[in-house]
């Protein structure tokens, strides 16, 4: 991607061109820079600093938060729940991203062809993301209830299971249920973005390929995927970030239980800060989440820099 | 990070207060003062609260601005207000949160402002104390008791249980088909701890030592109920609200819940139910936790404004206010005389009034350290009820986590 | 749509009803919980416990309460969401264009900053904003909410738009410049129309993020004057007495205008917007 004022042009037009381009760039970029700096700089810095402080509920009034260095981090790493939460977070993130993306891509490809009602149906599929999480998680809790939930009743009716499955009340099943609900909520996100990306691929490319005798599978591999790569990258990296910080969906569905089986780093951070009032350790955990996210971000930026075909 | 002092005070009020500065105690019609009152009531509860606030505002001679904030994240809102010095003039705080809030230093000691909770017994008064100082008063308190289906018990030839053995036997007899004999709340939240406490305390256990044999016995009792199938494993996910729904739907013959559900039960008029104190190991008095909301007086740099706010608070938690809050039978007034009156209107409150006599405040011994113990307890409950650990081991794991934070 | 008529597209002129059927099946499966929500909203008790598969004993009380009490909140939500979309796109589209087409040294750093911005927990931002808003006196204001909600939308939109804009053909833009157009002209007349899909998608999600926001709504408002629907729902959820009927009814009712807006927007996501450009 080269700057528009190619060398020859600017030498012809001189410095005025370079200046006007610079002005253009800054004018277009400045509002975003100002906004991001204004809104995010202070909270990010504050959160990082809090991780090194003994920040208690009293601090909210007195402003005093003694420096404790790495003590918060040491405490966090040493706790039983932390190791459980790390594993849960990894499982939750990897599995739900894979499923959201796969289903989202499959649906995006499906809807790519025009058929009657496709717009309406595609819009209806936005509903899981549209409905308030408060209401959705409540409904899912009713559906998944071991005794009176419709899912177990249906499974029993069709003789698919012999006894009621404890979807939310057993540590073995709770994570599966959580992942399912998370995927349900997140598919619209993947679908809508991937669909938009697919629409941006010129139709002639497919026609040329089919004239050359390529199968749909080959077209997908050699045309769709490479051209969709920037969009796929965005969907996955953002999906990872959003999944890592998922809080309300977990609190609403399982509260982190039963027995810590759905506790993730973000529920742990919430617990430390808002139930124990230990904001220093809470911030420490959320900083850990940020560092993990940044690792994926670096991978994304690395991949992103390689030019697409 | 030192926060600057900030006053959220409109100019007009400031001027009027200066004018008022020289006045004496009689409620001057100081119509220019608008005090802010904040709580987390909604629906019926909010309507009742509004009546009380308005009546008291009229009596004290001020205008009020009432905010009913969502209950979700209410404590976070208080923290934001504490930090920016924008707490309202009268703020409601959930009972178990009083010590942590008081610790910040943002709230006044009520006795300094002439509010001493006259007529309220020490137990209920202790509910709003930290280190012996009174920071909050609850106009009505509640607790939990055993709700049971009178028709189902009668049909099975049973009388309401009073001992643990009777409760387990009744639960066994009443478990058939889709119906579980008993239900209690055991989620990974403070509600789980709350419902376990009557079993812990009535067995002689104490929250200061959750590894005691009495604590393990209490937890074992509840675990056995689930293991034997008298209680659904879903209790691990049910809050008290879910219990009500299950009870109304006929999925549970008995449950532990509180008087705040009376209006919800009234919506199912065909349901025949009764209440009795939670059974104890040997039939002795039940020791259950006190619950309910308390009102505080946040500190304000304007001393005169605080005096007026104190008067408003005094009225809200006084006899008239208590009568008002007790209107939907959701709690028992803390002033004994007012309580007797309320019982006449709501006979179903009898079991709760009886329980409250011997009830305890959750924070009375541990104060600001209560949250850690509460978390430890519900962690242990979940580990035990899922069968992952024995009750003893579960409580041991929970106890290990208390040293944190 | 491509104007080349080929054998394939001639075949496609016959409506693909099989696809429609499959599409309907997918929707039915995915939206069963939504149906369950509607079912619960019509139940007498307001919850789905012990309810039948189809609401037989209908009770509209949930809807009555929702319509009576949440109308104002619904309007507030729509205004805040629409405002946030406008504000977000105004800031994000130009920025994304620069990041896609004018690579400078700081580009990667800025993108990293945007991604990190997405990682900050909402509560941390909300706490920070509360003090500022309180002292500036912009609590309980629609512009205030718009500014705050944009914090979720702007980083996302810039990242998304940039990914789409990377595919914009630089040759076209250069050609315009050679013909004497200013940078801005090239942006406005060429880049913007070609980025239609991306802009609509970014706008769509800005709308959805804002529509579903709770943390800023609860932190930055104290009165009922400006109360988005996510907050209005709590009217029925007292700490100990929860009425799910009106909650579900409100959620269903709130979804309707949002769906209409989103459906209208989605119509504009057309295929092959770049196809004509290469000619």
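The letters A, B and C name the chains in turn, as written, and every chain counts its residues from 1.
Keep in mind that, in the parts below, a residue touches a chain if its C-beta (ideal position, glycine included) is under 8 Å from a C-beta of that chain, and two chains touch if they have at least 3 such contacts.
A quick note: this is a predicted structure, and the numbers were derived from the prediction, not measured.
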item: Chain at maximum distance from chain C, centres defined as averaged CA atoms; value: B
item: Which of B-C and A-C has more C-beta pairs touching across its chains; value: A-C
item: Euclidean distance of C-alpha centroids - chain A vs chain B, Å; value: 38
item: Distance from the mean Cα position of chain C to that of chain B, given in whole angstrom; value: 39
item: Length of the line joining the C-alpha centres of chain A and chain C, rounded to whole Å; value: 15
item: Chain C residues counted as touching two or more neighbouring chains; value: 47, 49-50, 123, 127, 237
item: Residue numbers of chain B (touch at least two other chains); value: 76, 79, 83, 246, 249, 251
item: Contacts with two or more other chains, residues of chain A listed in rising order; value: 145, 148, 274
item: List of chain B residues in touch with chain A within their complex; value: 1-3, 75-76, 79, 82-83, 100-101, 103-106, 178, 180, 187-190, 232-237, 246, 249, 251, 371-372, 374-375, 379, 382-383, 385-386, 388, 397, 400-401, 404-405
item: Contacting residues of chain A [partner chain B, same complex]; value: 57-58, 60-63, 65, 75, 79-81, 141, 145-148, 166, 168-171, 254-260, 271-272, 274-278, 281
item: Of chain B, residues touching chain C in the complex; value: 6, 8, 40-46, 67, 69-73, 76-77, 79-80, 83-84, 86, 94, 240-242, 245-246, 248-251, 258, 260-261, 263-264, 267-268
item: Residues of chain C touching chain B in the complex; value: 45, 47, 49-50, 123, 126-127, 130-131, 134-135, 215, 218-219, 222-223, 231, 234-243
item: Of chain A, residues touching chain C in the complex; value: 1-6, 9, 20-21, 24-25, 27-29, 31-33, 35-36, 39-40, 42-44, 46-47, 107, 110-136, 138-140, 142-143, 145, 148, 150, 184, 187, 189, 192-193, 195-204, 207, 210, 227, 230-231, 233-234, 237-238, 241-242, 244-245, 247-248, 266, 269-270, 273-274, 283, 286, 289-290, 293-294, 297-298, 300-301, 305, 308
